[in-house]
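Below are the structure tokens for one structure; questions will follow.
A, B and C are the chain letters, set down in written order, and residue numbers restart from 1 in every chain.
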Amino acid sequence: MSVTALKPKVAGAPALPAGKVVAIAPPPPRARRLSGMANRLVENALPPVLVIAALLALWQLALSGGGAALPSPAEIWRQSGDLILQPFYVAGTQDMGLGWRVLTSLERVGVGFGLAAVVGVAIGAVIGQSAWLMRGVDPLFQVLRTVPPLAWLPISLAAFMDSRPSAIFVIFITAIWPVIINTAAGVRAIPQDYRNVAAVLRLNQWEFFAKIMVPAAAPYIFSGLRIGVGLAWLAIVAAEMLTGGVGIGFFIWDAWNSSMLTDIFVALLYIGVTGFALDRLVAFIGRVVSRGTMG
Amino acid sequence: MGYLKIDRVVKSFPGPGGRDNVVLNDIRLEIAKGEFVSIIGHSGCGKSTLLNLVGGLTQVTTGAIKLEGREVNAPGPDRAIVFQNHSLLPWLTVYDNVRMAVDKVFRASRSRAERHDWIMANLDLVQMGHARDKRPGEISGGMKQRVGIARALAMEPKILLLDEPFGALDALTRAHLQDAVMDIHARLKNTMIMITHDVDEAVLLADRIVMMTNGPAATIGEVLAVGLDRPRDRIALASNPDYVRAREGVLRFLYERHRFVEAAE
Amino acid sequence: MMTVTAPSRRSFLKSAAGLAATAAAARSLLPGGAWAATSAPEVAGAKLGYIALTDSAPLIIAQEKGFFAAHGMTGMLVEKQASWGATRDNMALGSANGGIDGGHILRPKVHLYSTGKVMQNGQPLPIYNLLGLNEQCQGISVTQAYAESGVGLDSSPLKAIFGKKRAAGAEIPVAMTFPGGTHDLWMRYWLAAGGIDPTKDVDLIVVPPPQMVANMKVGNMEAFCVGEPWNEQLVNQGIGFTAATTGEIWARHPEKVLGMRADWVDANPNATRAILMAVMEAQIWCDDPANKDEMASIVSGRQWYKVPVEDIAARIKGEINYGNGRKESRPDLAMRFWGENGTASFPWKSLDSWFVIENQRWGYLPGDLDAAALVGQTNRSDLWIEAAKGLGLDVAGFGDSRGVETFFDGKTFDPANPGAYLDSLAIKAMA
């Protein structure tokens, strides 16, 4: 292809006219906006509130004709509104507000899940480092993790011969699988680069675990913990089937036995909100702990 | 001579069907203390493998690598590596990344205050002192690479190994960092081995250029001594006949005598 | 506290106030020290379990009305159990291991636990039958679809219906609460008396009571036998009807008992007696017609059963709405807690024998089991007598046998000759 030679500068060529500066009118001032925090609150809170209100209205409309199989929101409010409004009343040793019941159950979940977290991360960290072990235990894990919590109950009881550790064990064994599996994945996924750095620095086993493995695997570990805490909370109903008492799991089983559907709906509300809060809590802790890990 | 001695090193990996892949064959090289050596070659010629061998990240199949007379077969801070991917730990700040290395190497021998000063000195050396509290996610690629160099230097290594450290950076940043490396080399007078793809970079920075033949079973083809005075100014060098001749020598090696051929399938 | 009744036609001794006054008077006659020394309870409490059925009312009332506390058992815990299965497992644990020491159980469970037949791993759990909590007032409910079939006390109209369904290959789900328990035995007796073989002609399954009602609602349950308030709730919701209340099958039949772990009773005889005295006083209170409404309102609350009071109140008085047009007022079919002078509460050995025999009839217990020995081991009517004496009651009329029992279909059970009863039955499934 031909190359066009650049024309050399010609002396005396007329200077280009100076550019004319045209002022652009500034945009009209925006309508006054809310301050940052209030703005964010409205943005994040308003959509779910509107959606929920719309769903409640639909639900009420669909079921307001008499003889419906499920209770409508108005019916639930009428029969069990006091449960919503008074979460902490106490009217007897087995008659108390759902707030107290949630706290009782949370205690059990706390112990069971706490154990599952510690043991799960430890096992996952060990397994993740050995491809051989992974191949060996993975089929076992995949089978065991599908066992429903209720099925563990009689086994746990026969093993512990005491209802209190049995209940905790049911929660533990339900929540531990995602923790193990995700931790192992996180450990396996540690980039070779980090391992090289550790090698050059001659970090010992413990230093590698604490300074590199745990922070690198932290996002995986925390996603496993989030799933685990949800499962632990679900398992509470099964766990409390044996222990009875004043937990919210037993409350649901009992309300079912008494055919009090409206009570069940309210209990589901409490359970759902608590589960949501637990999930956010674990996610928040995860974000704090793994600051910048994904960056 | 003889500070670092690579003595008839062969490196092979087990391959499919029981046959071994020989990556490096009969490598012989001696490097003096304070030398800056560049290694250059086409892709697949085993440059990184050679660097990893010196760094101890992998072991020789036959032969030996000796540093100051002692055999090298494990990684360590005495042969610090600057990786192509900066390999900074993203959850630590710049300061903490360097501190991790310093604490590991100097915990016993230096006080906390001394270590702090040492960390800041190394960060200042790469002009990253101002960013000490930033996380790797908050700084640019070039800055990350500088921190990687600072971390390596902070280990006071006997040899600094650089594995295509500027490969992932744009040309302008690369130029800045090349200047920084030359500046460090001038100040510390340490021994450096750098792998590069860039002929200009090799000639600009190195005292000697090791040119590798093509793989498999690559070996050292030629070693070119670059006799340019230091400090080197890239703009002035552009028209320096010795520079041009050295450059030509490398280019001929790479593109005439050992032209890169795609491996047959 | 206790209701003060106006003087009635019944004799002073039989009224609740009268008995309590007698007991208090008896206690006040003795020097306080002597009384306290011989009968102070060894422990202040025990954990009793109950299921939310009307027959557990005496335990609830004993707690709510302070009868336990009045006899020195200030630390009693009366706790709802999740199911009969959970009751079984909790009894096996005992309160020391987070379970229960005893409670409201189906009478045959005494024998099933003690022989280990239903326990985890077949481990026998020695249990004592201390007191009969109630008689009668369970229900056999049938789905609304068969309301016009004429089935009632006589189950034979269902024979043709079920036969046709079977021939078409359909399932015939019939539910009860616990294998070998009272409801299982009533359902089997009722079916067998109408010529239907419960082991072959229907599919007998264990189902929790609310699932019984829910399944019947969606057409997935043919019949069930369970305690109140489920049968009344079924009628109130229009899903099914009551074919018979169990008092029609066997008048004055025994139902639930207060059973406790043998090791607990052996270790705490005084406490056991105190518990029995309190439960007896509660039974006397519950049998008083003047107290029925209050009883219904207490036990139905959120603290205890959590059911609408309407599902309890009527049948305990004998007001039975069968649900298929039949509405009867049958005080003789109402639930009895105490009976005349305590005949409903006293744990007759002959009745235990019937349950053992019946469980042998259906193969739950081995045919060669020594029934008399088992009853002798597990029945503690002697403790009942002591507790009754402690309340100042007349115990002259009590012995081992309640005499010959007669069923609605004419069969009789003579405790002196149990083999004859077994031979007289056409449908059996012995092990």
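Quick note on the criterion: contacts are C-beta pairs under 8 Å (C-beta built on N, C-alpha and C of every residue); 3 or more make two chains touch, one makes a residue touch a chain.
All values reported here derive from a predicted model rather than from experimental measurement.
Of all chains, the one whose Cα centroid sits at the greatest distance from that of chain B is C. Centrality by Cα centroid goes to chain A. Rounded to whole angstrom, the centroid-to-centroid distance between chain A and chain B, based on C-alpha atoms, equals 45 Å. Averaged Cα coordinates give chain A a centre that lies 47 Å from the centre of chain C. Per-chain CA centroids place chain B at a distance of 88 Å from chain C. The set of chain B residues that touch two or more partner chains is empty. Against chain A, in their complex, chain B makes its touches with residues 55-57, 74-77, 79-81, 83, 85, 87, 89-91, 100-101, 104-105, 135-138, 155.
In the complex of the two chains, the chain A residues touching chain B come out as 193-194, 196-197, 199-203, 207, 211-212, 215-216, 218, 290-295. Per the touch definition, chain A reaches chain C in the complex via residues 91-95, 154, 157-158, 161-164, 166, 240-245, 250, 253-260, 263. The touching residues of chain C, counted against chain A in their complex, run 49, 52, 79-83, 86, 89-90, 93, 97-99, 120-121, 208-210, 213-214, 233, 301-307.
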